[in-house]
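My structure is below; once you've seen it, I'll send some questions.
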Amino acid sequence: MELLVLLGIPLLGGLLLGLVGSRPYAAELNVAVSLCTFAAGIALTLRVIAQGPMLVWDELFFIDPFNVFLVALTSLVGFTTSVFSRPYMRIEQHHGRLTAGRLRLYHAMFQLFMFTMLLALLTNNMGILWVAMEAATLTTVLLVSLYRTPASLEAAWKYFILCGVGIAQALFGTILLYFAAEKILGAGGNALLWTHLYEVKGQLEPTVLTLAFIFLLVGYGTKVGLAPLHNWLPDAHAEGPTPVSAVLSGLLLNVALYAVVRCKVLVEGSVKSDLAGHLLMGFGLLSVVLAAFFLWRQKDIKRLFAYSSIEHMGIMTFAFGMGGPVANFAALLHMTVHSLTKSAIFFAVGHATQKAGTQVMDDIRGLLALSPTVGWGLMLGSLAILGMPPFGVFASEFLVLTTAMKQQPWATPILLLALGVAFAAIFTRVQQMVFGEATLKRLPESPALLPVFTHLAIVLALGLYIPPYLAEWFRLAARLIG
Amino acid sequence: MTGSAPLLEGAAVIALWWVAIGLAGLVRARSILFVGRVLFPLGAVGGIALAAVALSAILQAPQSLVLPLGLPDLPFHLRIDSLSAFFLLLLGAAGAGISVFAAGYFRSGEGTAPGLLCLQYHVFLASMAMVLLADDAYLFMVAWETMALSSYFLVTTQHRIPEIRRAGFIYLLVAHVGALGILLCFGVLHGGSWDFTFDAMRAAQLDPRWATAAFGLALFGFGAKAGIVPLHVWLPEAHPAAPSPVSALMSGVMLKTAIYGVLRVTFDLLHTQHWWWGGAVIALGLFSALFGVVFAAAQTDMKRLLAYSSIENIGIVFLGIGLTIQFQAFGMKTLAALTLAATLYHCLNHAFFKALLFLATGSVLHATRERSLGKLGGLIHRMPWVAWLALVGTLAIAGLPPLNGFVSEWLLLQSFLFTPELPHAFINMLVPIGAAALALTAALSAYVMVKFYGVIFLGRPRETDLSHAHDCGRLERLGLLWLAVGCVLLGLLPVPMLALLDRVNALMLGATLGEQAQSWWFLAPVSAQRATYNPAVFLLGILVAFVLTYWGVRRLYHGRVRRADPWDCGYPLQTSRMQDTAEGFGQPIRQIFEPFFRMKRELPSPFDLAPRYRVEIEDHVWHWLYLPVAWAVEGTSRLIGRLQQGRIAVYLLYSFITLIGLLVLVL
Amino acid sequence: MQILPLSSQLIYLCAAVMLLLSFAMIAQRRVLTLVNLLAMQGATLCVSTVLVAWSTGQHHLYYSAALTLALKVVGLPWILYRLIRRLDVRWETETLINIPTTMLIGIVLVIFCFGSAQPISELASTINRNTLGIALAVVMLAFMMMITRRKALTQVVGFLAMENGLFFAATSATYGMPMVVELGVALDVLVAMLILGIFFFQIREQFDSLDLHHLESLKEE
Amino acid sequence: MNATGLVSQLAEILVAVAAAPLLMGWVGQCRAWLSNRSGAGLLQPYRMLRKLFQKDAVIAHNASTLFRFVPYLQFATMALAAAIIPSLSTDMPFTRAADAIALVGLFALARVFISLAAMDIGTSFGTLGARREMLVGFLAEPALLMVFFTASLISASTSLPTIVDTLAHRELAIYPSLAFAAIAFLMVLLAENARIPIDNPSTHLELTMIHEAMVLEYSARHLALIEWSAALKLFNYACIGIALFLPWGIIPDSDPVGLLRAVVVLALKLGAFGFGLALIETLSAKMRIFRAPEFLGTAFMLAVLGMLVRLLLGS
């Protein structure tokens, strides 16, 4: 039941905002809808925690600890983002970068995006999963091009084409999957249901699944932003409105990775070799290293953090690739803390860029002097994302690194090199933005920094103390992934 | 919480107490009065309490706790044993003095708001305490990095100055890279048991290669924090940048946590030590010691000078550690105990005199707003308190009897005298050279300290506006006094201290100095035949002789004194600027140790209308090691940056090729 | 080898035609013709779907065929025609790689695709085994077309051709995906098309041309 | 500590304090003879001291307390050093409080203080002298320490009486290592006591002087004490040399008769030493100040070499 609500609210909210999204109260409405979604998500989560996995609507939807935790995360970040975007978008409008119509588009698309995310997470049907992912692409394409500036159009176009092509590969992979599955499960709807596939994964044809996995990996991997398929990501993050960057980094990448992992589970079950794992590790490492070096050359603050997202996605992918309870646990934890931290950073960055009126880092100086909250938000957020204890990101990186040391000793030096480079690259820039003499101006609306510090507080807490039920929950999920 | 561990709980509570004080600072962040006069003294109280707790903990069996925090499979483990207790003692005792000083030192309107400063400062203290208390890798790393982070914020207090930002960045970068090394070290140490508690690591059996790897990583990680050459570059940057109490805390206490880490890993977590580890550490230590002191001699900024002298002292400490490893590896336990005692003693001494000197520079800085030696001078008249208390520190750091610096060097030299007994060819030939180098270092540090003290406090003021320099306030005096008294007491009462240190020996090496250590009030570490030393009697001797001389001269003759101008060599136009400068004083050393330096000189030509002389001392390591790395990264990133050149067709090609490649892979 | 049933022979014919059409598209530089070819490909796809449905009696495939007809033969080409007329882009400018080379690469690609699809075809139980390889080939060729073309519009045509290939794979190799999925996919493609339509105009008004080399400003250097 | 020990202890100090200027005088006299002059006589130093003590002290305006108490400290430290070095007897209670290393430390203490005092006035001379003094010191001090180490490796002890006992009374062996040490020690002695070739006690030439530059601002009783302690320093070094390299005649106990004999022996040795010193000073020329490091570096190397020889040959 919560399910219906959970999916219904954002859908209806999207339609509703599509009608009234330009009204002055639209932003509040947006917040309200997101809040309801969040509430429903929590309710569903509690239910699943209490009763365990559930299948609803002739197995069309399947909720287990793995995806329900992502549901909770998604709805939470969605909610905070809506809170943040309220003043942010007002200021944008005030600066005349947005018209009312665009604002309506933004609100509607935001909700629809949430809907597609949740759908992708909740569905049990690999086909629907694909459909949802594609739909997510479409909605976000419109969001990225919201400003209609040449740059934003270019970014959106690249995003669209690259992800479209990628996702097409994913569809081919899905077809192959179905092709393999229908021999065991027979033609018809069941052959794409993850639960059924999971049961019979042992009997699926290895060769087909291998091919299928490659197409799925390339397809969904494009959306995860694995190097070298990542090229759309920095542009889309940099040119879209900041709330969109926040949800892209915080949610979309996670969901795409979720899809990849689901597929990996099946393939591992069928293909006896750990090919899938090695592929993931390879892509993960490559992404981490490339991203780390890209970071070194950034001038645009949002690109900077976009690349940092690529880096962290690489770390998660690597961890999932290693597999095993600890690594998966670490990866899930990293997913959580990364999306929280990164969205928090983007919130802070949003205000910073609005104050500076530019995204060029050399023109942003002395945030601390002008607005301590923004400054500290950015500083702490960056330190958190750089894996500085006592923030939670460190906890997961600690686990990942130590596990890697155990299972893949060859990989640890590479990881460490990348982490070191990334640290130097990001920190030197953040430091010069936060510290020093202020060069910025005041703003009409007071920034909403509640989201930033809520996220950071959660991340901090996770670094010091992971409540038992959460841990138990992660463990369940980790076990599911195997 | 499991078990009853009163002392451990006490220590943890004090850490919490510090955090609480810090948070209280935020309540009235702008009120310097509240923060300075109330909170910092409370922090000092915490320090004294911690010292007391630690003192009793040294004498007791290890206690441990498990907190319901941390990672699900890895809750926070706490443990206090003689080693950690000793370093806690160091932290508490030195920290108390520094806090008292800081109470009077921090003025508002200097960069960060006082309240925030208070928070960072006390979090720094607390995190150091937690580092020492941690008994599992995760808590240790968390505390370790928190320490780095809080100290980083303290260093960048005046972040409006670009150099300070740069210094902070370098500091945090090196700290972080080091921390990664430590992390790896723990990853090796747990040896397959999926347990990151130190207990598990103690239990783990590593084969020699892995053990060596762990040791190497630990040496790298902790060495980066301790500032061992060539990982020292952050130290002379960060120490001058930070406010003086912070420099004192960093140099006096924080560096010692790195020493603690090395000892913990080497003698506690690892079972066997290989003699050549010791050799490597000795080499590193010697080099750092000489390097540090030679550079210190060439400095013209008083805080940089002290920073380099810290490198020197850390070098000496590593020397001791290396020697201990060797003795231990060859099973000469008593000697190992002697050396370890000397090493730890030196840690404690360094904490006191270095903190004292840094605080003194802080007072000078406040009184004169001047950090470069070339513009100071004659302050002994303006600020007698600081001057005379700093003199104690100067003598102590110069390793002169009967102060504390001498005791540890004496012990270390004594243990060096045994190295010929090492059962390994070469080693027993080479290591004694260490004694020579150590002696050289000690003598050089005396040179450096004469320069330091003489140029700052003696002579005539080199700038006119030094004339209205004022002495430091009451609280600052108290802080300085505390540390100075500490130096004297540590110098005069080595025997009880050694009795304490023997507990650490027993825990770490399973051996003690035996009876002689506690024999009676003569310090006779090995045997009364071999060597004895009693600073108290020594001091008494000097005093008696002094008094007799004075009394004799005054009694037999007279005490008439006439004041006059100093002799001007018949050249009446001498100004105070014509005194020897710091550069001048360091010149012979620069000349002798030319190859150490990378010098840029500006010599005036006879025809200059405004002749000026400048000399810049730079560090080869920076140019040979760090810059190349930076360039390498830069170059790589430029190459990789080309990948992303904006054309969508190329991006599509990437995915196309990836796809094809993968297909080929699986075919 | 035994004689294949008529239906599969016909399906193979369709497959061959589709492959042929994709080559034709690679060779073709006139945009209008490209769209025609796309439509024809869609038609072939539709036919093959019907054939499969008829030969195997999978009734839902008829719907799928109808969907294809509506979308790929009528809908999208129509939209494209209108766009072309409105934006009047008639000629593709010089491709990045000249056409003969592209053809050669295409042939190599086809061989590669067959090769990689071989193991699957081995164990395909369906009457029309080797179509999967062809479908893959179509997809890949479309992919290459997207890489080589310079106009946004032609890139989109390539994208749609890719979709065709996917549909072909879906129908011929696996008798079609579950209906719900097909619907979803179709919907997505339609929406994508509409959004692209909007994009074209925006790009036009920003850069007053649909040439992709305007869209190369965002990069690292 | 027993009464007799105390006796010898006091005897040591008194002899040293009393005879140090005499040694100075004797060296001066020898130098005079060697350069065909008729010297000022053995007692000249005493006369000078008396004269200085009676004068009024003149002190620079900005001299701090440090400046004033350093001379007394100098004298005290040197007297104390005399109490550590076994020159007559090895039965010396006080040596338990300070061994060879502490002795070196004591000399270092004196050096640091006199340098500080020199910098206190703030004339360019004082600082120059202080710098040079520390320059000499930082090389001479470790060399001296190494000399001691060579000896203490032989006797497995750093306490001077034990060393002397071992060398003088236990076994009679030839120690090549000690030969190196002896040369090193001689060089250190020359440097430390401001003798030619490092420094020239009887010149006030600005460019070359070290010790004199430091004490330039001292006058009257302060200067007297400085001079006296300089003499004491020479005496002490001589005694160290004697104790290490020709310890025969130093008695193990402290019966009065023996002490008297020891005094005579010591006097003879010192006489020889003084003549030798004068000879060296006459024969060698003062070297440029920048050559001093090389000279002392050689000394340091020799001392280390001695230690190595000791380790290598075990003798």
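Each chain carries a letter (A, B, C and D) given by its place in the written order, and its residues are counted from 1.
What we mean here is this: a residue touches a chain if its C-beta (ideal position, glycine included) is under 8 Å from a C-beta of that chain, and two chains touch if they have at least 3 such contacts.
Keep in mind it's a predicted model, so treat the numbers as computed, not measured.
More C-beta pairs touch across the B-D interface than across any other pair of chains.
With centres taken as mean Cα positions, subunit C sits 70 Å from subunit B. The distance from the centre of subunit A to the centre of subunit B, with each centre set as the mean of the Cα atoms, comes to 44 Å. Our note on geometry: subunit C versus subunit D, Cα centroid distance of 102 Å, whole angstroms.
Put simply, the C-alpha centre of subunit A and that of subunit C have 31 angstrom between them. Contact of a single residue of subunit B with at least two other chains is seen at positions 641, 643-644, 648, 652, 663.
Contacts with at least two other chains are made by no residue of subunit D.
Touching of two or more other chains is recorded for residues 116, 143, 146, 155, 215-218, 220 of subunit C. Chains touching one another form the pairs A-B, A-C, B-C, B-D. Every residue of subunit C that touches subunit A in the complex is listed here, in rising order: 58, 116, 119-120, 123-125, 132, 136, 139, 143, 146, 152, 155, 159, 162-163, 166, 169-170, 173-175, 177-181, 184-185, 187-188, 191-192, 195-196, 199, 202-203, 206-207, 214-218, 220. Taken together, the subunit B residues at the contact with subunit C in this complex read 641-649, 652-653, 656, 660, 663, 667. Of all residues in subunit B, only 377-378, 380-381, 391, 395, 398-401, 406, 410, 413-414, 417, 420, 428-429, 432-433, 435-436, 439-440, 442-444, 446-447, 449-451, 453-455, 458-460, 522, 528-534, 537-538, 541-543, 545-546, 548-550, 553, 556-557, 560-569, 574, 576, 578-580, 584-585, 587-589, 591-592 touch subunit D in the complex they form. Here subunit D touches subunit B in the complex through residues 53-54, 56-64, 66, 69, 72-73, 75-77, 79-80, 83, 94, 96-99, 101-102, 105-106, 108-109, 111-112, 115-116, 119-128, 130-132, 134-135, 137-139, 141-142, 145-146, 149, 152-153, 156-159, 162, 206, 216-217, 221, 225, 290, 293, 300, 303-304, 307-308, 311-312, going by the rule given at the top. The touching residues of subunit A, counted against subunit C in their complex, run 125, 127-128, 130-131, 134-135, 138, 141-142, 145, 148-151, 153-158, 160-161, 164-165, 168, 171-172, 174-176, 178-179, 182-183, 187-189, 191-192, 205, 207-208, 211, 234-235, 238-239, 294, 297.
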